[in-house]
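Below are two complexes that have chain A in common, paired first with chain B and then with chain C.
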Partner chain A sequence: MENMKDIVLKYVIQEYCEDDSEEITYDTPLISGGIVDSFSMVSLKRFLEVKYKIQIPDDEATPEAFDNVNSIVALVEKFINK
Partner chain B sequence: MAYSDRARQVYTDTLNGIKEAGLFKQERFIHSVQSADIEVEFPTGNPVKKVINMCANNYLGLSSHPDVVKAAHEGLETRGYGMSSVRFICGTQDIHKELEASLTEFLGTEDTILFPSCMDANAGVFEAILTKDDVMISDRLVHASIIDGIRLAPAMHDTYKHSDMEHLESKLQQYMDKRMRVVITDGVFSMDGDLAKLDVMADLCEKYDAMLFVDESHSSGFIGKTGRGTHEHCGVMGRVDIITTTFGKALGGASGGCVSGRREIVEMCRQKARPYLFSNTIAPVVVSGVLKVLETLSKSTERRDKLEMNTAFWRKGLLDAGFVLKEGDSPIVPVMLFNAKLAQDVSKDLFEEGIYAVGFFFPVVPNGQARIRTQISAGHDMHHLEKALAAFIKVGKKYNILGKTKNEIIEMYGN
Partner chain C sequence: MSNIGSYEERIKNFDWLIAEKELGYKAGDIINIGWHCSDRICQMGKGQKMALMWEGHNGQTRQYTYNDLRLTSNTIGQFLRNIGIVAEDRVCLFMDKVPELYIGLLGVLKIGAIAQPLFSAFGDESLFVRLENAGTRAIITQKKHAPKVRKILDKLPNLEYIIIVDHDGKKTLAGNEFAMDLDNMEWVDDFEIYPTKAESPSILHYTSGTTGLPKGVKHVHYSLISQYLTSKWVLDLQDDDIYWCTADPGWVTGTSYGIIGAFCTGSTQCVLDAGFSAENWYNFIQKYKITMWYSAPTAIRSLMKAGDEIVKQFDLSSLRHLASVGEPLNAEAVVWSERVYGKAFYDTYWQTETGSIMIANYPGMKVKPGSMGKPFPGIIGGIVDTETYEEIKDINKPGLIAFRPGWPAMMRMYWNNEETYKKKFQNGWYLPGDRATLDSDGYFWFIGRDDDVINTGGHLVSPFEVESALLEHPSVAESAVVAKPDEVNMEVVKAFVTLKPGNEPSDELELDIMNFIRKKLSPLAMPQEIEYMDKLPKTRSGKIMRRLLRAQEWGEDIGDTSTLEND
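== the complex of A and B ==
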């Protein structure tokens, strides 16, 4: 089964990358690196909430928490385990 | 007094941070009227220099047109300088209603409401017409004022990849559970100069029962056969539910804007839009000027035709010289340089050559997409464009970027 990191990475590439040549890894800075603008982060939040049946409060959905795949997965796991 | 040393230090540090990041914006003082030829003091304190303006939103060259100035004078004489009121208390004159009717006719809509600016129109409209049961789906490159308006609205919000109609359709499908859907786009995108695919968008909106919102600020007056805007160009006049536009660009360039569209939506704005309710009415002098602009444009397409020819000449000239351009049909012609410092250096050298064109870089445009945004005007004559082209070629040669691809330029200068 695909692990969560790969699922999130795949979504980020499909949803945000305009150019196939962009290389995105688990550590690539998404928001501070200008790949995802903070305004478009909402679709990622919604994807995670629907996919993992969780609710991420707005004050936890910060640009820092969404800045790379590793931190996104850590955030999701925090709410899955609650 | 509570402006402590600490407060002063906080702001000084922040401003220094902006300077160190190379993002500090400085005004350049113009000592003449707005036109193709302007007199600029830059840097501040330097002697005034005559330059050709290649970066104004003065697309139709009407900002200082004698007929518009005369009409504004007459408005000043007959309706006074100010109204000292918002619209609904005692700030509505006959000419405000006349302008709303003229705009409705010009844009081919049902009704129109004036706002102090298009920034205000965009800031006010979504909050006035949407609730938490609705969703706004916007293109990722919409103008900053739309983003502010979206942030103020209680409805949910999502985005789609720039001009990607498949992505938009998938978003519409995702939100069929919402009470209402609004698809939001610029008609002409201000940084890239490309046009929204309004024909496809109107079809999608019909298919998924969504309203279509278009900001026509960079198209009203000159895009489309008779200059009505992107909706005319795409053959969807009457199928756009909400149009916002500005009078601060092609339509005289002074100030003011409007929401134009479905009757009930305009009325909702009149009842609920905060920038309309709590900000002053547009000055009579401006209203009179815009009325003259619309009258002029309705009589003849001469100016937009000249703009189209000028744009074609400029685009071809730059491409033949070997510059990398963003593709598009509008008079916004971005010369791509990719590197922020290169964009600033080229802009500086162009100024030395008598050409005023500004460099844009992150965060105004995406990282690695630095450029000189040139904007063509019907106020440009052939000698302006020829001189500007010669200057671009001279500076392009200096930096060895002519005939180079995107990757080659990035290899030389970074991105």
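== the complex of A and C ==
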């Protein structure tokens, strides 16, 4: 069974990566690296909410929280456990 | 001492000849923006001055002096000539904020071709519509964006050349694809600039309206005159400034002031090709000692959201003058910046069609937080009645912003759309399509758009374009798109949809529709919320009453519903 990091990473690559030669890892900066812009971040937030049946408050959905797969997973786990 | 000095004195004695003289131009001369932005600066003895200091998101850097700019833009111009591009051919630049975009625009202009910069986040549908309308002949792009171009190539018989600036040899190029690696080419020194004149077409920008497809806004080389002078008098660009314009050259700000204004004034500019992060932005300002910063309300509000504490971690003392563009700058942001940076952001107002700044706050002039400021010297601005287009003299009475036509950077046409172009002029006024009031001191105060165009993050999105794209989703029967208020972006896109039989509303479907629009059009056009409805409010004649939906989103009175279709 895929772990959450792999699921999120796979989704990011599938949905937001135009350059298939660029290697994306759990630490790759997504927002500050220009891979996911601030508008697209809304769709990523929605994916997480739908996939994990959570609600992420807008004030927690910051560019910093979404900047890499590790930080995204930490954010999701915070709300799954609530 | 600011370049403008006293605003009041400037408006008394103003003539656009001031700018012509400073640029060494007189009526009838050859005038070429690409030449003015590179060769001329070298001729002034500034060939070794740094023109462009670029940094990418991985921290990689590239730097170009004005002589480098001259040589590399010559090189791109020669490359285009060699493959057969001629004057007035449309050449699209479809790249991230990489040096080839900045330099490429100058190269295109140097051969008399028409530059068509497009936002690199556009999906293939958005790209297709704009390339088809323009009859674009060549596109300069990056390998990551080339797939979008290849996808629509069959539908674009005019598009003959795809030029890839970062081809790495991993994929074989098709017959009409060319690699152009600027840093590994022999740069061209001796180059014949195409003899463009004042009314020669220069740039074709695309902008969205309420209805219909995006419009190609045609500009000419004479636009340089007001782009130059506004850069000097509004942005106050001085010889020792280090300038950062955060706008993407795919939009008019990034071209008029991120390329033309920066280079024709011989300024040193820095460009950061990375996504937004408060920490990275402040670090950039500190590292390059930015003195003049031209940004946008959405970014400023995002910085406000990041808080005051982070600012203290950086030395931003280099900042001398700050300005803002794209949407009205709320008073709170002006007050905040003064408190936190020690400098207020000076709001500026203009649009794709005007080509250069029309109303602004000026160095030395009192800033009224929340006000657009006053018309640039040489611009006659006023407020007119929404129906008669007669000037409103009453103080604080709402009406349409209006300008007397004829400033240098005024658009000359909507591409292949003279009918729509003519509608922008009424009773001797050019109408930008915004509403405002004028106070007793002559300051303009923005109210809102006069149409349904959505201004999200400073960029205009057409509800019609989004609605049309929604109808292409297999599950969507009908759609209506309106602006929804947003704390950071001012407005975001919200869609109301009805579904085709056999489809049920769900969160998964909402996400699917969002991603469908994001990829087809752009992340800006993506609805940030989708509301499912059993039926959309319509008039008895079947027209969707968008304004009812909008009013509900904004908590406004829904107005007259007598024409609403009954259940």
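Heads up, the rule we're going with is that the second predicted complex is superposed on the first by the 82 of 82 C-alpha atoms of A that agree within 3 Å, B and C clash if a C-alpha of one lies under 4 Å from a C-alpha of the other, contacts with A are read in each partner's own complex, and residues count from 1 in each chain.
Rule of thumb we're sticking to: a residue touches a chain if its C-beta (ideal position, glycine included) is under 8 Å from a C-beta of that chain, and two chains touch if they have at least 3 such contacts.
All values derive from a computational prediction rather than experimental measurement.
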Worksheet item: Taking the superposition as given, does A:F39 touch the first partner, chain B, the second, chain C, both, or neither?
Response: both
Worksheet item: After lining up the shared chain so the two structures overlap, which partner does A:I31 touch, if you call chain B first and chain C second: first, second, both or neither?
Response: second
Worksheet item: Once the shared chain is lined up, is A:P63 touching chain B (first), chain C (second), both, or neither of them?
Response: second
Item to complete: Decide which partner touches more residues of chain A, taking chain B and chain C as the two options.
Response: C
Item to complete: Report for A:E49: first if it touches chain B alone, second if chain C alone, otherwise both or neither.
Response: second
Fill in: Common interface residues of chain A - those touching chain B in one complex and chain C in the other
15, 18, 33-34, 37, 39-40, 42-43, 46
Response to the item:
In the complex, the residues of chain C that touch chain A are 57-58, 96, 121, 143-145, 147-148, 168, 170, 273-280, 302, 305-306, 456-457, 492, 507-508, 510-511, 514-515, 518, 523-524, 526, 528
Response to the item:
chain A contacts chain B in the complex at 15-16, 18, 33-34, 37, 39-40, 42-43, 46
Worksheet item: Which residues of chain A touch chain C in the complex?
Response: 15, 18-19, 21-22, 29-40, 42-43, 46-47, 49-50, 62-64, 67
Worksheet item: Along chain B, where are the residues that touch chain A in the complex?
Response: 140, 147, 156-159, 161-162, 171, 362, 366-368
